[in-house]
Structures are given as structure tokens and as C-alpha cells.
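Presented sequentially are two complexes of chain A, the first with chain B as partner and the second with chain C.
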Partner chain A sequence: MSIQEDLKPLFYPETVAVIGASNTPGKIGHIILKVLKSSVKKLYPVNPRENEILGLKVYNRIEDLPENISMAVITISAVHAVEAVRSCAQKGVKIAVIVSGGFGETGEKGLLLEDELRTIHKEYGIRLMGPNSLGIFLPETGLDTIFVEHGDKALSGGGGIAFITQSGSVGTEALGIASNTGYGMRAFIGLGNKVDLTETDFLEYFSRDNDTNCLAFYSESIDDGKIFLENAREVSKKKAIIILKAGRTEAGQSAVSSHTGKLAGSDNVVNGAFRQYGIQRAFDEEEICDASKTLSMLPVPRSNRVAVITAAGGYGVMCTDYIEQKDARIKLHLADFSDETNKRLKNINLPFASIHNPVDITASAGDDIYVETLDAVLKDEGVDLVICLTFFTPPAITKDLVKKISDKALEYEKPVITFAQYGPFTNKYLKEFYDRGMVGFSSVYRTVRAARFLVERNHILNIFGEENE
Partner chain B sequence: MSIQEDLKPLFYPETVAVIGASNTPGKIGHIILKVLKSSVKKLYPVNPRENEILGLKVYNRIEDLPENISMAVITISAVHAVEAVRSCAQKGVKIAVIVSGGFGETGEKGLLLEDELRTIHKEYGIRLMGPNSLGIFLPETGLDTIFVEHGDKALSGGGGIAFITQSGSVGTEALGIASNTGYGMRAFIGLGNKVDLTETDFLEYFSRDNDTNCLAFYSESIDDGKIFLENAREVSKKKAIIILKAGRTEAGQSAVSSHTGKLAGSDNVVNGAFRQYGIQRAFDEEEICDASKTLSMLPVPRSNRVAVITAAGGYGVMCTDYIEQKDARIKLHLADFSDETNKRLKNINLPFASIHNPVDITASAGDDIYVETLDAVLKDEGVDLVICLTFFTPPAITKDLVKKISDKALEYEKPVITFAQYGPFTNKYLKEFYDRGMVGFSSVYRTVRAARFLVERNHILNIFGEENE
Partner chain C sequence: MSNNKWIKELKIGSKPDEWEVKKLLNDFGINTPPGVLLKPDDLFKPDDLSPPFVVKVCDSKILHKSDIGGVRLKVGKNIHTVIDEMRSEFEGCNLLIEEMVPYSGIEFIIGALIDPTFGPALMVGAGGILTELYKDVNFRLIPFTVNEAHRMLRELTIADVLEGYRGSDMDISSLADLLVSVGDLVVELGDDFNQLDINPVVFCDNNWLALDGMAILNS
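== the complex of A and B ==
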């Protein structure tokens, strides 16, 4: 059976049972049932001592459930969870999402319980996600097993990023960004302790999913590392793959060891392997979110020549510093404009503007000068990527600038990354950029860093391109 | 006359005239009058063609104004602004805040107008702030001439940071942070084109102001650089001074030159001079805000040994990487705990916790384990600074954690910096930390960077200390 078939009960379950559903608000078995109620039609709470929860008929035993349960969400404590999974398997449940903690992350006894889960999986064929997993969130249908508050889910729809994370914390960060400034998630997958389903399974699943264009992983260790890497190499020719892997210093690696109980490999080896297999690496929680948002939404630049447009001169200087500074990831360069572009910029701009890259249109320039300037630099063959630094200081610039920049940027096949800043309203503008198909950040540093990920992606595609010739 | 006396009409004006007050909402002369109305009792709009604006009696000519005007805010266009400043000077107005643009930033003609302003200042003694200035915001009294929306001003009160900025954009960023996650501003000063009042004047003013404990400057060029640096050296023995100065790469410096029309000095010289004079340097808009917030609120650590507490192991690793990575600013080190601390951490924590630094209490640990762990590391003589990585994932950790960490941290004289993350609610938790006297950030990178500024401050104080012996 293909992985697409195998995981259908996870992504598109027709019937869902919640083992450990509860009538007590605040309990995980209550939160999950409540959240699932809005997206799943055939929802069956299981609890030995209740008759009705949230208006739904309760089943007292797993054995009493109807046939053909697609997915069971297990919320009860570890020892009981293992027994429940066995009953589910016997009942023919296709997949169990084990949200419960208290397994391998708590030591020897928990590890033995994980062995039992593996045995059940092998014996019955039931697929298992977790334990210690946040489960799944699929904006397409609203399916959601995440018991951590994660904001306005409606805002998370419509994107191409598959976010596959071993740890819940990193995942909820991405969901937070989705609510605040926009983040186009295709699906959120909480892997947890990976007794069955691993990164490699979801790499395969999302590589075949047409709605996914970027895969973001947070993994503390990848058990079947070799297969994963080999598959990634193929997938990365079509879709960007980014992995957050910490532990690049000696002390960091030693922290990995004491945290996971596993010997951390040399970081140079990890870096080398990632590059070789077309994988981009992130080093922190913000970086993986920024990078995946950018890689998912923007076209890949042909090379590394960046044009900067600003209405505040000092910000142009800061941006230039970040573009031209040494960086282990990839080199960026300020673009040199053609004579034609220079002539046009001179015509468009106020006489006291600075038309050299970074172009400082000055605070006296209005929306139209901004957009004409953007058009001029986008048209220049020597420009691969444009950074627009935007401010919304009255009176020259108006709130229409977001729409005008977005419309102009989308006329071209070149990536345009925006930086937006307007005091407490920054996120509002960033969200509006996002809603118009644009990527924006609230700091100059993060804006340039995002550009670097895009140029690195081009570098990867070039290497594989040459190989294919 | 001392600078304190000289600037009294700016900080504590008894009477304020708004030249160019307008009845048209959205116009700068309307916005400023409206904002000033709530903090200034004797407020006089001046406009040749109106009788009443916002319920206030309008004066048609500057000559008609009552005697003893403390401050005039000039909002009219450049050429008229110069004439208005002359009339104000003749009327005996103490200080004019010239908000109008169209001066030196727009070329030759504007520079000549600035010369006229200098002449008026010299002839009449009227003090001038600007032109092209955002003016002043003083949370203590609510005095506010800033025409850019900057959020809930009530949130900005009560801090020790004097933020003195040549450019309005960088300043509004700080005001935005004030609204979002807290930023304790003593005063905001928009210098603009500095025909009279400069960084050096405000350095002197705030050095004598007991409510200021940190001075943050954004300057594209400091004209009286030598005096400024010499004074800074003295001030920095008592109060932290941080300057945002971009242009650290060659391309950045060349961008400075085309933006300011001035030759940018070698960046190595700038760096060297800053260090020598006890000044800390920021490189971007986020860094100056984060650094000043931290330097203003937290005690200075005795050295560079950092303890990290986390409930999510992966974040401990990321944090360790940032602590131990090479950095041009200053070295940080993961602290080694004493045997006593290790013993106590073992007693407090769950058996599967990782009690080595970074301490991973695990997601199974609740508030009390977190706070006991914090107490143990704060007590350790080998720990100079603590970073608390906080997550609010139910059920073990509750919302009370913010209060509990804050109460514990404030029992000690050591700095505790928090990182908070909880999806879309991150800012809410950061703001609560701030309201309880704590400094927190939303990314691991920024959290460690803030620690670096604190340790650098200790380094500066040590150098001056030795000199004094």
C-alpha cells in the first residue's frame, strides 16, 4: 500500500474516536474533542464513566465503537494508552494518534512502553503517530488534534508548507506566526517519539502531495537518517526542504547528548550531508519559520544580486551591512543598476533622493514614486531579488502602499521581500502583505536572512540542474 | 544657564503654541494639537484663517500670542517655518520644535534655510529642536508632539531609557515595542537636522536627570563628535550609553556617504572610539531597542557565566549554541554548577530531567520545579546571569509561571532574562513579564544577544573601575 493510502485515515479521517474524552474543561481529552467537533462529522468519544460529552454520545469501551474507525486519538496516561492502542488495533482502527506523554521522554519504563507499541504496530498493522505527539492540523479541512491554544486557525489556511516537528513547541511557534503575520501551512504534523511514523514517511507523503511546495522539519535526531537523506535529495529538486537542527557548537552538541541520550554527530558532518542532499539548514525556531514562509511563497532568484528600496536612509545602510557581511550560508551582493535603470530612477525620483543602490527615495516621496522605483529595479536584468523597506509615516506615504507594492511585485517573476515597520501596527501591515501574496518581516536582519535562504535555494537547484544535464 | 534650565521649556512647558494648527483631520497641525490637548493646559493654536480649532481659541498671528510662551511647535512648510521661528524668537518664545521637513534633507535650498535658523538662534537665543524633528514624548506628563501613530502611550510610562534619535523611524520602532511587549521610556527626543540642539546637549541633560539610567542614540553623524565622546566617557561610568550606528561594511559606508552627503569614517575607528569611551554599539533597529530595554531594567552581571533553564530540550540546545558561538561583542560561557547546586537540582527535578547546564526540567515539570530550579542556579556563586526559556504548554505549566519566575528573580541581584513562546500569545506573556519588572524576548537569538549587552556593560564598568583605583 502506498504511503498516500496509508496516511489517508490521518489526513482525511471519516470517523474519529477520542479515547479519554472528558467532560472537564481544561482536560486534554475535553479540549481535543471540542476542537475536533467542528471538523469531523462522525466523532466518537470514549470514556468508561460518561454517557454524553459536548452533546455527543459516549462509548464506554473501545470494543463498543462502530466498525471502520479511521483514526483514534489517544489522550489517556501512558500505561492505559498502550492497552487502548491494542484494543483499537483489534477493532481495526487504521491509525492511532497518541497524544499522551510519559513514554521514552521519561526514562526506562517509558521506553519499554514504546517497545510494546512497536509490537502492536507490527502485529496488527495499525499505524501509530507519537506517542507524545501534538497530532495533526490540516487547514484545508480544519482537522485539528492540537491541544495547545494556537490562535485563529482560519488564518493558517491556504499555504504550501508542510511543518513536521518532533517537538510541539517549535510547531506552535509556526502556528503563532500564522495568526500574527501570516504563515501558509499545508499541514502541521507533530511526530513525538516516532515509534512508527517518522520524518521519512512524511517526506514521502508530502513529496507526492501537489499542494505542498516546502517541507520544514524540526528533528532532534533522524533514526533512519540515510534513507531520509537519499529521498530528500530527490524531493529537493522539486520542493524546498529545510531542517532545524541545533547543536552547532561543542557545548550545543553536548547538550543534545544529555537531552536525547544519544551521541551527537560532528556538526561539520551534518552540515556537509545537508548540503550534499539539497537540504537547507535552520539554526533556530524563528529561522525555520521565516525561511519556510519565504521559500514557500516566493520565486527563486536567478542569482544573488539584491536591490534595496527605502524611504529612510539609515535603514538602507543597515540593510546594506547585512547584505554585504560575511555569512557562512551564501554570499549576497548589492546589485549594480544598468545605465537605463539609473536614468529612469533619476527621472522618477525627487532631486534630493539617492538613486544608487540602496535607493533612498526619502520620506518626502509618496506611494507612486515608491512603486515606480520598484518597477525600475525589477526590470533591471542585473537585479535578482528586491528588498522593499516600508514605513507608513504620513503624509507622503499612505496605507495604499501595501497594495501598490504587492500588485507591482507580482507582475514580475522575481522575489520581492518586504520589511515593514510602523510602531505597534507593524504586524497589521505584515499580515496585509501576506494576504496579498507577499512575504514581509519586522526586522532588517530577518529580511536579509530570508533573502539568503532564497539565494541558497537557487544554488541547490543549480547544482542538481548541472547534474541532470 | 545650565542645560537643565535651558531645556525646561521643552520638557515641562507651561504654555505651548502650535504654529500651523489646523481644523483638517489628518493634517499634521491637527494631529499635534489634538495630541497636545490632553497634556498641556495652556495651549494656543496659531492659524491666520481660523477662529477656533478643537474648541480652542485661535490666534491669527504669532505677534498676538500672550507673553511667556515656553514652547512653539512649528508645523508649516519650510520657508514659512523660518519666518515663524523668527517671529517666535522676537516674541520671546523659549524653544521652537520644528517638525516641518523640506530643509537640509532636500538639498541646497533647504541647507540655506537651516543657515537662517542658525542665525536666528544666535541672534535671539531661542533654542531650536529640528527641523525635520518628531519632537518630544515624555511619558511622565504625557507631553507628546509626535504626529506618527504610536500606540497606547500609557504603556510607555515608567522607564529609565532616554531615546534620542535623528530619524523618526527608529524612534517609532521603540514606541511600538513599548505598546507590544513593554519598553520603559523616560523620554523620546527626535533630533531631526540638529541646527541647534544636538546629541551632546541631550547627553548632558539626561546625565543629570535622576530618572534616566540608560541613553540610547540613533545618529547618522555626530557633528561635535569629540566633545560628545569625552562627555560620554564620564556619563558611561554611571549610565549605560548605546548608539545605533550602521555602516560597518564597505558598501554600508558608501551608502552612508550617498545618504548623508558626508564621508563616512572608517568603521574600525568608530568601533575603537566607542569602546574607548564606554559606549556600546548596536547595529540595527531591533538591537538598539532590545539592548536599551535590557540595560535599563536589569542589574549588571559580575561576569559572563550563564545558566539556562528550559522545559523543551531542543530550545536549550539552540540557546547553548548562541551562548557559546564566537561573537565580536563579548564572550559568554555556560556556567559550571557547584556540587551543591547539582545535588539540589537532582533533588528538585524529575528523575528523567537533564540537570546539567542547560537544565532541561522537561515538559512534565510544573511551575514549582521551574521556580525551585531557578532558585538553585541563582544561588550558585558560579552563575552570573540566568536565561529562562518559558513555554506555557498545559497541563504541567500554568499561567502563574510568569509571576512565580518574576518574584523569584527579583529576590536576587543577578540578571534573569526570559524567553517566552506560546504561539499567538507570546507578546501577552512578554508584556506580563515586563509589567513585573522582567525583560523577555520572543526569540532565543534575541534573548542571548541581550545577555551579551549586559556582560559587555560589566566589561566597560570594570575597565573604568580599574582606572579609578
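== the complex of A and C ==
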């Protein structure tokens, strides 16, 4: 069976049972049932003592459930969860999402329980997600097993990013923040302790999913490391892959007797392996959100020549410094404009503007100068990517600037990354950029870093091209 | 245990000495300076090599030989005296006598290990005794293409010395080939392989040479 068919009961379940459904508000078994009610038509709460929860008929035992259950969400404590999974398997449930904690993350006893889960999976073929998993959130249908606040309303608009995370909270908290300025998610997957389904399974699933254009992983350990990388290399030819690999692995006790072993200890192997297999690396929760948002939404530049537009000199200088700073990820280059572009910039701009890259249109400029300048640099063959620093306090700037810049940028195949700082309105303006199909950030550093993700992606695609020759 | 002929001939199965490691490197086309192994009772015949010489104690139990006076450089006519001195200091040990190669420019390190998640990996970077201080190294998983070897070299901070920095004449292509050869060696040793340090690797007379090597096998 293909992974697409295998995981259909997880992504598009027709019937869902919630094991440990509760009448007590605030309990996990209550929250999950309540959230699922809005997206799942056939929803069956299971609880030994209740008759009705949230207006739904309760089944007292798993054995009593109707046939053909697509998915069971297991919310009860670890020891009982194992037995529940066994009953679900015997009942013919296709997939169990084990939200319960208290497994391998707590020690020896928990690890033994995980072994039992593996045995059940092997014996009955039931697919297992977790344990200690947040499950799934699919904006497309509203399917949602996440029982913590995760900006789900802000994220419900959907998008192209599949976010697959071993740690639930790293996913929900980071995405919650990212949603403030817009983040387009195809799906959220909480892997948890991975007794059955791993990152390799979801890599394959999303590689075949037409609505996914970018895969982001938070991983502490990668199961079947080499197989994952081999598959990732194939996927990366079509879709960007970003991994936040946390938890430095030591090369092992024996390895410290060589220089190589000592130098590998600081996870240099991961860096090299990711580069070799066309994977981009992020180092913290903000970076993985920024990277995936950028790579999912913007076209890949042809090379690394950046044009900068600013209305505030200081920001242009900072931006230039970041662009020219040596960076292990990829080199950026401040673009040289053609004579024609220079001429046009001179005509458009005020006499005291600085028309060399970074172009400082000055705080006296209005919307039209901004947009005309953007058009001029986008037209230049020597420009691969534009960073447009926007400001809304200058008197001649109107609130329409966001729309005007977005409309102009989207006329071209070249990526335009925006930056905005506008006191308490900053996020609102960045969100408006996002809603118009643009990527923007609230710091110069993050804006330039986003440019590096795009240029690195181009570098990766070039390498695939070279290796094919 | 492996069928590899080299492994079968080792004195100590898991920890070959420098001479043995260099034989292995030679098997994979990796050059080392001309040299001879002198067992405790062997006589050194000066006709075999041209001075100046390097005299090294060659024993896999000694880890940092230069720290304990186990390496003597620029040895010329006094070779027999030096051999006698070394023999009395390191009783019963073999000595490795090599031609001292005149090289200039930066030293490289090439190493390999088995990563617990990803398997065999190769390292290259700034070598010499300060390698762990510079930390200018880069890894790739084995096997890799020669193009990949070029990329991993170009990512190093010291990469410019391979592309003519201040008149440097070091050849990047043959170094990339050398990396691939070390990868082949690791593949060949298979499950027996544990770790390898080749340090330093230097460029001399249009040739990359491994001046020292340390390997650990799985016993």
C-alpha cells in the first residue's frame, strides 16, 4: 500500500473515536473532542462512565464502537493507552494518534511500553502516531487534534508548508508567533516518540502531496538517518526542505581519540550531510518559520545579486553590512546597477536621494517614488533579488504603500522581501503584506537572512543540475 | 572479520601503527614520503633514502609521539647516533625513517569516522597540531562524488589557498581526488572501520603527501 493510502485515515478520516473523551472542560479528552466536532462528521467519544459528552453518544468500551473507524485519538494515561491501542487494533481501527505522554521520554518503564506499541503495530498493522504526539492539524478541512492554543485561527488560511515536528510545543509556539505576521501551512504533524510513523514517512507523503511546496522539520533524532537523507535529496529537487536539527549528537565515547572524532562532536557531520543532500538547516524556532515562509512563498532567484531600497539611510547601511558580512550559509552580493537603471533612478528620485545600491529614496519620498524605484531595480538584469525596506511614518507615505509595493513586486518573477517597522502597527503591516502574497520581517537581520535562504535554495538547485549533466 | 588482506596482516588487530596505516594509504593511491621500517635489530642502510631524514618511533600504543620526544627532524649524517638514542629511549619499539619532505604552505587534515545517525563520514580541513583550535573543517557522508569533494573544500575558510591565494600553487583537483580515495578506503574496510586521522597532509613537488596517519578499527 502506498503511503498516501496508508495515511488517508489520518489526513481525511471519515470516522474518529476519541478514547478518554471527557465531560470536564479543560481536560485533554474534552478539548480534543470539542475541536474535532467542527471538522469530523462521525465522531465517537469513548468513556467507561459517561453516556453523553458535548451532545454526542458515548461508547463505554472500544469493543462497542461501530466498525470501520478511520482514526482513534488516544488521550488516556500511558499504561491504559497501550491496552486501548490493542483494542483499537483488534477492532480494525486504521490509525491511532497517541497523544498520551509518559512513555520513552520518562525513562526505562516508558520505553518498555513503547516496545509493546511496536509489537501491536507489527501484529495488527495498525499505524501509530506518537506516543507523546500532538497529532495533526490540517487547515484544508479544519481537522485538528492539537489540544493547546496554536494560533489555529490565524493559521487556518492554509498554505504550502508541511510542518513536521518531533516536539509538539516547538511547533505550536513557534507557529503561533509566526501566524502574527502570516504563515501559510499545509499541515502540522506532531511526531512525538515515533514508535511507528517517522519523519521518513511524512517526507514521502508530503513529497507526493500537490498542495505542499515546502517541508519543515523539527528533529532531535532522525530515524534511519541515511535513508531519510537519500529520500530527502530526491524530494529537494522539487520542494525545499528545511530542518531544525536540535540536540547535538556526540560521535560516541570511542571517537574522542582522534582529531576527527573531537571535531565531529560539535555536530559538524549534520551540517555537511545536509549540504550534501540538498537540505537547508535552521538553528532555532524563529529561523525555521522564517525560512519555510520565505521558501514556500517566493520564487528562487537566479543568483545572489541583491538590490536594497530604503527610505531611511541608517537601515540601508545596516542592511548593506549584513549583506556583505561573511556567512557560512551562502554569499550575497550587493548588485551593481546598469547605466540605464541609474539613469532612470535619477529621473524618478528627488535630487538629494542616493541612487546607488542601497538606494536611499529619503524620507521625503512618497508612494510613487517607492514603487517606481522598485520597478527600476526589478527590471535590471543585474539584480536577482530585492530587499525593500518600508517605512510608514514619512509624511508623503500613505497606507496604500503596502498594496502598491505588493502589486508591483508580483508583476515580476524575481523575489522581493520586505521589511517593515512601524511601532505597534508593525505586525499588522507585515500581515497585510502576507495577505497580498508578500514575505516581510520586522528586523533587517531577519530580512537579509531570508534572502540567504532563497539564494541557498538556488545553489542547491544548481548543484542538482550540475550532477545531472 | 574482514577478508581485507591488510587487516589480516596487522600486528594488533584494532590499532595499526603508522607504518601499517601508511601501507594502507598507499594501497589506495595516497602518497606518503619514502621511508623504511626499522625493527629493533635491523640495520639502517643509508643508501635506501636521501637525507635529511625524519626518525619516528612507530608503535600504535604511543598516541602523541611528538610530545614525548618520539619524533626527530632534520636528521643528516648523525642518523646512526639518533637511531641509537631513540632505541635506548623507546626500548623494543620499531622506528620509522622517512625522507623529510620540503613543503611549504598550509597543512590539511583528512579524517573519517562512523556517525551514529548517518554512518561513515569524511572530514577535511585545516590540519597540523592546531587543527582542533582552528576548527576549520567540513564533513560529507561517504560515498560522495568528486564534485562534492570540490564543494566541501571550497566551503573551508582556508579554501583560497587552493585557488592561488598569495601565489599558493596547491592543486585542488588532486586533493579532491584524494578525498574520494579516502572515502573508497573507508568503504573497503566496511564494518571493520572505526576512525581515521591523516594529519598533516601537505603539498610538495606537485603532490599531496600524507605525513602521518592514525587508524582505529573495530576489534
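Going forward, the second predicted complex is superposed on the first by the 440 of 469 C-alpha atoms of A that agree within 3 Å, B and C clash if a C-alpha of one lies under 4 Å from a C-alpha of the other, contacts with A are read in each partner's own complex, and residues count from 1 in each chain.
Following the convention adopted for this analysis, a contact is a pair of C-beta atoms (placed from the backbone, for glycine too) under 8 Å apart; a residue touches a chain by one contact, two chains touch by 3 or more.
All figures in this text were calculated on a predicted structure; none of them were measured in a lab.
In the superposed model, A:Gly125 makes contact with neither chain B nor chain C.
When both complexes are overlaid on chain A, the residue A:Ile323 reaches chain B alone and has no touch with chain C.
When the shared chain is aligned, chain C comes close enough to touch A:Asn271, but chain B does not. When the shared chain is aligned, chain B and chain C each come close enough to touch A:Ser258.
By the touch criterion stated above, A:Ala363 is placed in contact with chain B alone, chain C being left untouched. Counted by residues of chain A touched, the larger count belongs to B, out of chain B and chain C. Looking at chain A, you'll find residues 249, 251-252, 255, 258-260 touch chain B in one structure and chain C in the other.
Touching chain C in their complex are the following residues of chain A: 221-222, 225-226, 229, 249, 251-252, 254-255, 257-264, 266, 268-273, 275-277, 328, 463, 466-467.
Every residue of chain B that touches chain A in the complex is listed here, in rising order: 26-28, 101-102, 105-107, 110, 147-152, 166-170, 172-173, 175-176, 179-180, 218, 220, 246-252, 255-256, 258-260, 283-286, 312-318, 320-325, 334, 350-352, 354, 356, 358, 360, 362-364, 391, 393-395, 421-426, 442-445.
Listed in rising order, the residues of chain C touching chain A in the complex are 63, 109, 111-113, 115-119, 121, 123, 125, 131-132, 135, 137-141, 144-145, 147-148, 151-152, 155, 194-197, 199, 214, 216.
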